[in-house]
């Protein structure tokens, strides 16, 4: 299982979470990555944790003030990027363009989507992975794997029908070891989570619980 | 072959083009539809021509000032709608939502895309048809079927691999009967065109030439 | 006082509301306009009511699929347009461009804004009027003129400091004759309202009540 | 005069440009700041140069994946931010919100605009400065102060009429000491430039030429 911790714009200490994630990943053998604000990529990558961008724009070098260049996040230490998160939707053409930018810079990619149809569409664009995150469950207390197991299984089936090489992750409400185990049982190869770690009183303990059942 | 004439925001007389399209469709037996500005749907539909919207938003009845409600365009006489045209790109989630809105109101749908990968993605969302229109060729003098036949064949193959029920159209630079014949030879079930008719000195003659080889 | 009834994408009968608005305007001498979906402009204008668009795009004639051309809404009978409604925000440059488009076609303009600072900014772009509508109150049961009178007075002062020729309207929660009178007392030259009429069981009665105190 | 060097997404070495800018600022006494990609803020700030963000989003701490949090760019060493650059336009409400975010974190602000009307609108929102940059001249070889001096003088007058405390900068095509002197003569308190330094064979020499006449 792959655990991708999205720090969003939360008021956490990104280096502290990154350090905890690095330690828990090493101790457990579970792959854990942390996706901070672009301005924190450098500091997070220096901890040695696997570091992801939250977003890259569908651009190459050029006149693009205020947009996120894949080369810049890679320079700062990112080795992967989220794309099309529900809080930063892109046009279909721009998802395609962002994947091109990520491929150009060897960033691993996860394209987010709301439901199995969109997962199939995302998979057709050739990312490394897709993630199904029902918007209604994001930030909530109930894990997608409990609240809507059908959507996870549907996403796994939909992506597999388009391209069996594309991994499927799930997200929304994931916070415990049981949630992770349930996601794995439904066919997910990983989970996206955010508030469950970033807003936890003790992010290290939250991560330890999360991977305890793997 | 299906011929969809997109009037965009061109300074043509929408009723005159619609009347010509209706007459040429009747005389030739070729299916021709006209997509005017939303504010012109009523007047175009009154000619009896098959009438399409250029866009509908991913909304249902509610508080959505300035957005295009599928029910409203259907009221005004539209029986189909373009979606995700290169001049009005939508997020992946909104293409999905616009198709839901169109389905709710029995509007036929064509989702536009730039290349075969995006065509596959669009097809995964379940529209009636997809259209491949390379942005570099839109509005130009050379038809996509001449300038880039591979992209049309690639689109036909890509859509077919995802869902064989989804028709594939092509567009960009289409204006003559030869262009239409070439598109059909490449496997397209229809064409999108705009300036070739809307900006023609004689739209009726342009349409007659277009369908002459079918 | 000017009363602008925004039908948004509500499931009302636009011609019935327009007919009622026309009759109430004639009987009361109060200026009332109705802003329907673009696809309903024709039908609404045919009732003889003053007809407004909900939005025009910052475009001229050309390749702009799915965007709303000022000339098209004027053709269909609109004589004014809302701009930058909170449900359809535009960039600063596009507000400027939409006002240019409206001016080109002699559409009267109202630019919406959230607060006095934004009202001042909007007034600097030279519209006929600005409207202050606090987003938190839109669609609610309490009128802006009751819930937040300071914001209306602040908007009147802010617009006046930039350009005394620009009228100030207010909106959000307006539905009764008392709301209208309160708005006038605060210096507003008009009101924007939507659900109070469009979702009323009896739109005619709602309009009659609204103008009863003028 | 204030010189703000926007590195956009150009393929330059941000630390080398920052080091040169720091040295030239110290040697000349001219205030020079550098605005790199968000992911490069840390590295640029470490050189000691005045460091700016290219953009911040109108958000506070919370669920905003892929958006740029003012606190994060401030953490990374930024002390100012561009806002509403022509390559990253914001809605009027979001310019207002981004200025709130910048104020919350003590970032100095420059709001970009196309013309004097938009400059007046931007000034009404209370930034530290506004910048007029005619889009047609951005990235070109002719300085705005030469090609369109009226627009600079118009911007100075427009901002002054709204709020005399707001500084006015100009940009587009600025690259030489003569351009800077011309801008100052027209009433500008600073310049924005990008390719003239970022794409120069020798950024240090370009900066030295730029400030030579101050």
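Labels for the chains are A, B, C and D, by order of writing; each one numbers its residues from 1.
Rule of thumb we're sticking to: a residue touches a chain if its C-beta (ideal position, glycine included) is under 8 Å from a C-beta of that chain, and two chains touch if they have at least 3 such contacts.
Bear in mind the structure is a predicted one, so any value in this text is a computation, not a measurement.
Taking the definition of touch as given, a chain qualifies here only if it contacts subunit C and subunit D alike; none does. Here the C-alpha atoms of subunit A line up with those of subunit B after a rotation of 180°, rounded in steps of 5.
One simple way to say how far apart two chains are is to compare their mean CA positions; for subunit A and subunit B this gives 36 Å.
Remark: subunit A and subunit D have CA centroids separated by 33 Å (rounded to whole angstrom).
Work out the mean CA point of subunit B and of subunit D, and you get 43 Å between them. Counting partner chains per residue, subunit C shows two or more touched chains at residues 86.
Judged by the touch criterion defined above, the protein chains form a single closed ring in which each chain touches exactly two others. Taken together, the chains touch in the following pairs: A-B, A-D, B-C, C-D. In the complex of the two chains, the subunit C residues touching subunit D come out as 84, 86, 89-96, 113-115, 117-118, 120-126, 158, 162.
Of all residues in subunit D, those touching subunit A in their complex are 6, 8-11, 36-43, 53-55, 59-69, 71-73, 75-76, 78, 82, 85-88, 138-139, 194-195.
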